[in-house]
């Protein structure tokens, strides 16, 4: 079988770097071009020295994209830049997996409210499929534009949708308390990510205003038909990789610990990358892998359902999920090239 | 003024070590004796080498306690051992500040249910005052036995009591999502605290069953008159010191962000160790100090009141609070010897 | 081609776990049996929960080893236990790669001096080949017993041997200042590896007495013919994985920065897992991979040659190197199943 | 006794912040003014929120310095800026403790070679006393300009000077292998200090070219009369605070472990802030304190003297030492206001 040809647009950030880690050894694709506007002309190892002897790719400008005959392009670009790329290139030349937030929300209006930024490619919202394979596998198969989910939303939507869909929980008062490693904030040094300030530290941020809130709510609505109200509270963990999300919700009817566990086992039984675990999961048990570990329990005393889920934010929360989407779009086995065993300890 | 004479029973753990850090330079007391059953006869610097040139105390058996004329004894002992000490020595010889959980709960029955352990000194429950000065300052002043609060409960009770007492929130459905550094698990090496397994890791534990749950509920009840249902979920942060607690509750009546902020400013205005902050607090801003930083906000979209509070678990969560209680019991200014400025960064 | 059949004896430690990570997806072998005396009967996921859905192996006693027709056995056992296994099973039934220190030293006498332990299988010293492929590839190919190198020695021998062999440095006064992550101390919790005590901490240990000293010296002697005197100083880094070793030595003759760099480029040119880098290497650039990054420079002012090398102690320092040895012993391409790209950041 | 009046010029960095931590509670001084050019007009708590309720100082421009009647000024300014301040204000108005590197080296020529920067106040080199009290206590007492030592040099000079001065070691071939926490790189976020890149990482840097080399050599020369050649290799530890320095040197004559230990005990016997320890010291045993812990040993096998020393780089390596110098200049007891017990664990 001839290999599929892919390009990576914007390869100097953490998600670009992680895409390279996954795609270099992917058996069914070749990386045709890798772009960076600021570093065009340099070797990839000038930017990512850990790839020495592994890849000798040269970075080029995304203007060169049209010179290649590509099957698919990953956009590892900042919010606001992806939409310009899509506007310029359209969706006919190649399939597109966008890792930014530009096409995750239902429409321009919601986008502009939460991202405080004008959307320049609104006509493409109708083409975009939300790239969470466990929910939208069939739609992804035929999509030309996949909006790869945010890392926080991935960790929250996976445990919440079964509860909402199967009428287990009330749709208001859902609390999502998330804790993320610092790679989630991107590869660029900024005052808030200076090492000595974060080391040994911990804090909440973006309470009541984080842009992942509407992403969680709109996907749950789209998938289950229910309108939910989700309070999303992100916290910054003093580690490099990983998100752990704890959710709290109130049962709609009488439930038991066994009932919610069975629901999770049955919903996720055939999912390669979802592991239902019988104890609260540990972040390092998914490090470097594409797994999402999910735990659910019910507290009789307070009548609350609790879920705890873990992902590596650069894998199932970004690049791993993007490759999973690519596999689906190409008709490959979904886990191809994604068999990384967690790096533990 | 002659100095007060104190003893530390059980000085080889983290709280014992932190008590020494605070008491060695305390201007109004002298440390008369420091005990350890396993290390009696050794110098304190054999166990705590960082005290070299600072203290030349020798450890002795607690059997020797009666040889001293003490004003107050700190019990830095494991749960279950403190009560035996109290049973043996009574409360007449010296004032007692117990840093274990043996006298924090309202009675023997609740204790035995949550601690899975027989209580051997139940008659002293009626003497014990819960040592949270911001709530029970007057009772502490006249107490002979102070039950020093748990670290998690301190971080949860301080932000929750104003909301409950001033009728701001519904008493059911209160979620307390706490994250603690590893010193909270004690100084003894165990499988769960092996460095490589925790480094870069994060997890929840003790969901629905942690013994700090009844401590939080019973103190809120005792102080406010309201019976609450609190879901307490602890998580283990891969750092040494510090607890950050996020709480979620539902307003009882119409509220606004300004209203809850004003409530906190007014309730804590005169509290030396409580700092109401207008942004989510950072753990390192209280490291090594006796402060509790508290933030409160209201999310209109989901109608939830959120609080975030931070303490150093060995200070306001243990030894610092114990010294604060001692100061009150001795009639000293409450902040004497506790003016440590946070060690940041 | 039929697959080779291997066993892992002692799979519950960190090197056992890392061997599983590497061997489960190795294309040319099957894992026939995995042993643990203390956990025989349990599933591997009871001990290593991160392998859930990845492996359903059951642990058995090493007494069962004889029931299998094995091509090779990895001994991931503590020092002192491997030699008993070898004594019992001999070398005829299967090839053996021993990850302990039992056969790394030249003979019983040196072993007993540094390990303070009686050696019970001394006749096998003559069979043992030191498993550093970059030095002993040909010998490994025909060996029946490979003594897999220690993690520290691997990081020190690789940069030092070219300098000694090509007569670049004086053989006395060689300083090896090593810094290792805590997984090097094993998977068992002990007082010295309690999380709060190591977090944010750093120290030297085992100055002048570490048992890796004779391993470094004897291998350099065996390989180059020169007798050296190496001062080896280990330090404990507050991280999970990785060793960085800085060496200092004095030129024997006139050298230049360019000369030593060229030597390294030429010596390591064809080595798949050695990357000569032109700047001091970073630990995370080898994390999770089998690479050893090596940097060399010359300081004219003080007339010293400096090398800095990095490895992942569980990979090139243990399990990765063991699999590399296995590949050689089986006549496979040396990098088979070891193409892990460093997990960075 | 009326209190001494001091100013802090440049208070927004880490050393400025640490000076505030030390001076706010210092019993014999008052902080008259605190300056920042970029934040003039703001409250100190806008920049250092952890000082909330502790200090209500307002930042002002250093132009205002002349409005105050100050006894002493701390310059917590970047290299290159301090000298302009000294040039402008001279040394008559107030005593000056400069925490930058501008006056640490012997003269303009050496400065410009290593700092690659023009020196604009060369006439003041002759006034500057190197502020290491253990070496220059008497000179500091009468100095009007004290050049506060660099953090690395402090950790290297303290263990090396006894060995050089008492003729114990050869003056060439001295290796100084230092490991520093990241606060040593300053409070400003830069690409090299981005949290995810340093977390769990470790590396050497500035090999053969670090500007602390001439500081170490010139101070040893000045103090002992011997010209030494020191190879200084800094490494970056993934922690916030602390420097550990390991030195290696060759005896000039026959020595023993006991001899070098006795030398250290006798030299440092009366030094309040130097603790000679009989085991390799731990970084956290000095955290937050002004101690320097020093260990010395001799390796007979390789005939090398090894020292290991630890400091908190913001304390004995910067602000703590600056306050120690101030105490001496004011004729106060040297440890006044510096009695912080190490924050361990």
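Each chain gets a letter, A, B, C and D, in the order it is written, and its residues are counted from 1.
Going forward, a contact is a pair of C-beta atoms (placed from the backbone, for glycine too) under 8 Å apart; a residue touches a chain by one contact, two chains touch by 3 or more.
What you see is a predicted model; the values in this text were computed from it and never measured.
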item: Each chain counted as touching subunit C and subunit D at once; value: A, B
item: Relative to subunit D, chain with the most remote C-alpha centre; value: A
item: Selected from C-D, A-C or B-C, interface repeating A-D by over half of its contact pairs; value: B-C
item: Averaged-CA centre spacing for the pair subunit D and subunit B, given as whole angstrom; value: 36
item: Gap in Å, rounded to a whole number, between the CA centres of subunit B and subunit A; value: 39
item: Subunit B and subunit C, separation of their C-alpha mean positions in angstrom; value: 46
item: Interface hub residues of subunit C, defined as touching at least two other chains; value: 14, 183, 187, 196, 199-200, 238-241, 282, 284, 287, 345
item: Chain contact topology (line, ring, star, complete or other); value: complete
item: Subunit B residues within the subunit A interface of the complex; value: 172-173, 175, 177, 179, 196-197, 199-205, 207-208, 213, 229-231, 233, 235, 237-242, 244, 246, 248, 250, 280-284, 287, 297, 299-304, 306, 308, 345
item: Residues of subunit B that touch subunit C when the two form their complex; value: 14, 181-183, 185, 187-196, 198-200, 238-241
item: Partner subunit D, residues of subunit B touching it in the complex; value: 14, 17, 20-21, 24-25, 48-54, 183, 187, 199-200, 240-241, 272, 275, 277, 279, 282, 284-288, 291, 293, 339, 341-345
